[in-house]
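Next come the structures, one after another.
Each of the next two complexes has chain A plus one other chain: chain B in the first, chain C in the second.
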Partner chain A sequence: MKQTRRIFIKHTAAAAGAMGFPLIGGAQPAPIKIGVLHPVTGALAFPGQQCREGTMLAIEEINARGGIKSMGGAKIQPVLGDAQSQPQVGAAEVEKMNEQGVTAIVGAYASAICLAHTQAAAKYNIPCIIDQGVAEQIVQRGLKNVFRFGPGYEKVVRAGINYLHIMNTVAGRPIRSAVLVHEESLFGTGTAQQIARDLPAMGYEVLETIKHANPTRDFNNIALRIKSRNPDVVIPSSYLNEYVLLLKTLKQQGVAPKAIYSIFGGGGSNPKVIKENPGDVDLVLDCNHWYNPKNPKSREVRARAEKKGLFFTHEVLMAYTVTMMLGDALERAKSSRREAVLDALQASTWSDHIMPYGPTKFVNGQNEGAQPLVTQYLKGDVKVVLPNNFAEAEAVFPARKG
Partner chain B sequence: MLEPQILWPALLNGLTMGAIYALIALGLTLVYGVLHIINFAHGSLLMLGLYAVFFLFKFWKVDPYVALLALVPGMFALGYALQRLVIGRGSHGKDENILLVTLGLSIIIENLALHFFGSETRQIETAYSSAMVNIAGASLTVPRVAASAGALTCCAILWLIMARTDLGRAIRAIAKERQGARLVGIDVEHIFAMSFGIGLACLGAAACFLLPAFYVSPQVGHTFVLVAFTVVVLGGMGSFVGSLVGGFAVGVVESFGGLMLGESLGQIGVFVIFIAVLLFRPSGLFGHKV
Partner chain C sequence: MTPSAVRSLLFIVAFLAAMALLPAFIRSEFWLTFLILALYTASLGQAWNVLGGFGGQYSFGHAMFFGVGAYAAAVLQVRFGINPWVTLGAAFVLGGATGAMVGALTFRYGLKGSYFALVTLAFAEVFRVLANTFEFTGAGVGMMIKLAPGAANFQFVAKTGFYFTILSIVAAGLMVAWWLKHSRFGAWLTAVRENEDAARALGVDVFRVKLGAITLSGAMMATGGVFYVQMFQYIDPPLAFGAGISVEALLVAIVGGMGSIFGPLIGAFTLALVNHTTTELIGRAPALSMALYGLLLIVMVTFLPNGLIGGLASLARRLGLRQRSGGDE
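Let's look at the complex of A and B:
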């Protein structure tokens, strides 16, 4: 083609436009869409909303400090989804999020929803950052798009029993028998099955394992059964409402075991629960997700959450932390392409977080360094009591003479 | 596992829980008996009642039992207005429309509650929340015993209204023959709204008796509504005595089912009753054949 003056001017203008406008537009690069998927209505609405709040807390922090710098300060734009406390709805939300072009999805609190939504997201290669979802199946299906930052129930149960054994040994072995109470879904059943398998190996007798429905309206019969078994320790693994109702009923029926030690107790380490029911839950121990209280950043994040009127529960802190981890991965990926983010997550060695984990290292989607802490309701708050290198207070164990 | 020292308290637990079920079912059965509709918003309206009791206690320290004085007329007025202004108008005289209107109402109420009250579970702590009464060796909480007494009293009052007052006669007339009642000069729309109002007044009472021993969240209605339907089906649609007996029966079956089969599987008893009654005695224990 002959280069005329007119064509030259046209091409130059186009090139200048292509180079110049991005410079102007570069002040505001396209936002990175992140799916925020939780059960914010239905039976799990409260923990689900807590998770959403935690995620939003992190997104606000990332955006406030200038967005993803490696992408010209691109802001994170949340795409909110509601799993309505049902796995199939969670999977359907993934389809919508895919159509909206999300780079990754943070979610989805309950194990059953996580199983469904990660499967749906795998079709589109969408990275899924799991904020809670403790069932082991979530990371055992060989899906390359799943990254669980926190520990699964196998690790938590092993650690939980180990810590119980340590406290018991130090106290002169006042505890020899246990009754397990658990909710009926994947998380409670899986947790309780493993406790029932592992506890006898450490020399404890499991007198009975009691499963309950969600919701359970009345715990009186369960309390009576526990009373007739007279265990030294009661180990509940339930969601928040049932957990609190169970503990209230135990108190009413005069069931006072030497200790109540929950593993993933839905209300065992929740500042709201101790504030509202001090008489019912005082001295209850819980092995669960919790932040490193020795890290000054933890207090800062907790203060920020509480300033927003939030109770700083483990749902909030886990969702907050995993979203910050995603922010770190986006920074290193330098791209909002899903493949690049998957690679960045796989190579993650992030350590600037508030959890007691050390740098992240993903093997088959599981962060190897993740571990739970043991907390106790002491003086109206949640205090870490084990392991010693994170402890803020000494455990009161056994809580009662029984 | 089934020693007498467990069976006796389990029986009492079942009966007291059953009384609460009966109280919740009373409103449902009244509305069905007169309007011939199943009120799908029943659970959501119970939730509203529970929130009302909760906020009265939280902000003005009104004891839940004193709150009866506000809740019963308040819920009655709400029910009357709902039927007159929303359900009656929205249904255009067709029963199937009423089903949809109440279903829509339940979705709206629940989501408004979620928006304004938040999703968290709330409880109240009264001096007697954990107080116990010993009945022949079984410990029962004071709120449970009060709820049972309340349910029986409400049932008696309702029976008196239905049997001895003009309003009761008008309600019964409409339940039996709507067109005939209209022809003899009964204001059918007014009586419909009165019935709906009384149904909700029962819910208001149930909320006052329930909250000291339970919790409230926007989803709490679901916890009770299916059981309330079972109670109504078992007792016979539209029968008060049926509601009371049905409530006790469901409570006891649930209690013993839980004891023998485990709390999770124990719920099966309630639904076996539901299906069995529908199969073999669709009119329920005290219901009349339509």
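Let's look at the complex of A and C:
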């Protein structure tokens, strides 16, 4: 057939129409932009990247399930931000995200960054879902846009001390004295201060509180000081590298307290740590964010993360879970408007999660049901040992006779 | 006033007028924040420039002055309920006093070059340890300013409030640099930088000149600390006295051009733009963006030993736009 101009135009129009039809007939809803803000460079790069991976894991899951169904299957589009481990950069990233039209922001791991970024976001009414920042001030400033799913550090420290007391009482009170070792910033100092205040009230003697800098590359002196005080339990509150190094040094120096029990221990419930240092950290106890092992979905999520080559640390876990909570809020909000999402978060009673919290209930931005679990390194993995309704193994306590 | 001084003063006034008008044309809060942060870094760089650039005394520990200012603002507000605007003045005085103390201790004993740099680094570390220890500075937990939005509390609701505040601080810094460039004290300071022994032989009181420079530099740096606390409302020892602040201050001055009026400003804006661009280009691979940022810094420092302002002056000479080397005005 001869290709005339009229035939060419007709065919082109038909082809264009056919190609355009699905776009018009079954138009995809606009994606919902979510800010993913973490310190992925700088001093906090590793935990920050873990948080980002956790958030991405949840976004992939929500999108693979067909997006936000109440909005016609709208997909979530992450808008990545790097706080560069500095609060001011975190706040600047919020401005960028606001202009890109994000509906909410998930982040930002460190308390100092959370304080800065939530305040910057408050101006635009952007809902901020806190994944890790544990400082109480984050939810105590009256900002209506802040929602923390996990527990703050006061609650965790209180629970941690209670759990230690319960284990000790059940075991016939083998533990009577403690040495606290902590890193020198907000997390370590705040935790150690509260432990040092609360522990004596329960009948324990705090022999010494030892502070160390970040980073510390030699714990020999600290190990020897601990050895000289001969405590029943060592309670470290340090970040990952220092935590592991302290435990290795204690072993090298032959310091063997009856138990090593941390609260928010940087390396106390980390599958990577037990895999790489089995002999050094075995039987260490930690009170921290952890998933409900009795929920079958927990294993599924962990397996999916590990299939991606991730270590399923609590950073991945918390970032994943809070993003799933945001997905639930979006589903109920039926809108990507910030006000609607804020209302949905405020009214959230989400229970389809893998944490041991029960349905969410936000009071002044804090999820009231949030609680930590006690885990122990057992048989090459992290096992929940307390409280009993979530325990998957019995605690080995005391770990040694001392 | 010499024609050169008038020319550079007019240039400063024109620049500040342009910057003052800028917010009227910026609709983006992100770019406004970008400008605020670049100006804030420039103010730190200018403070370092007074001592390091004009005086040739390279400090690696300017964070101590920044931290003193930041903690002065935080402690006076939180512990004593003093209005933050008043703390600005107090921080200025305390920063200057810290500078005078450190200067008296170091210059009295003739410390210079790398020895002076190391001692300032050590002083900053001592301040960090002290802030980490004492309860009244919040120790390791740090200090948080109460959220109370309002211009009276130095917590502006609109970003433009912070913009004009930091622009005023930068303006004061530019005027100090201009004064150093064209005053007798500035000439003494430059003489000390070029050859301390020769300056002494010519009758310059080297100790007093250096002491004056570090006092002024410390006071300016402390002002930056107050601004930081008011904008981000939280400070802890690593944020206040960490090496990051010291490096930031000296880097913008070195990249822009030490001992020049506009060097720190040019350096701050260039580095902020480079950082922004590398992050935007390869933000999904954050380590790569930092590597690219580092590479660009190495290239700049290697090929522009007199900073960007020196490079621009040399380019202007090559193009025949300038007949002689006459500083940066």
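Definition applied: the second predicted complex is superposed on the first by the 376 of 402 C-alpha atoms of A that agree within 3 Å, B and C clash if a C-alpha of one lies under 4 Å from a C-alpha of the other, contacts with A are read in each partner's own complex, and residues count from 1 in each chain.
Basically, a residue touches a chain if its C-beta (ideal position, glycine included) is under 8 Å from a C-beta of that chain, and two chains touch if they have at least 3 such contacts.
Just so it is clear, the structure is predicted and the values come from calculations on it, not from any experiment.
In the three-chain model built by superposing on chain A, chain B clashes with chain C. In the superposed model, A:251 lies in contact with chain B only, and not with chain C.
Touch criterion met: A:80 reaches chain C, while chain B stays clear of it.
Of the two partner chains placed by superposition, only chain C is touched by A:141; chain B is not.
Touch criterion not met for A:304: it reaches neither chain B nor chain C. Applying the stated contact rule after C-alpha superposition, one finds that A:96 touches chain C and leaves chain B untouched. In the overlay built on the shared chain, the residue A:158 is in contact with neither chain B nor chain C.
In the superposition on chain A, no contact is made by A:33 with either chain B or chain C. In the superposition on chain A, A:334 makes contact with neither chain B nor chain C.
Applying the stated contact rule after C-alpha superposition, one finds that A:45 touches each of chain B and chain C. When the two complexes are superposed on chain A, the residues of chain A that touch both chain B and chain C are 40-41, 45, 49, 184, 211.
Residues of chain A touching chain B in their complex: 40-43, 45-46, 48-49, 184, 210-213, 215-218, 220-222, 224-225, 228, 240-241, 244-245, 248, 251-254, 272, 276-277, 279-280. The residues of chain B lying in touch with chain A in their complex are 1, 3, 5-6, 9-10, 13, 17, 111, 114, 118-123, 125, 130, 132, 139, 141, 214-215, 217-219, 222-224, 227, 254-255, 258-259, 262-265, 267. Of all residues in chain C, those touching chain A in their complex are 28-30, 32-34, 37, 132, 139-142, 144, 147, 157, 228, 231-234, 236-239, 244, 279, 283-284, 286-287, 289-290.
By the touch criterion given at the top, residues 40-41, 45, 49, 80, 82, 86-88, 91-92, 95-96, 98-99, 112, 115-116, 119, 123, 137, 141-143, 183-186, 188-190, 193, 211, 214 of chain A touch chain C in their complex.
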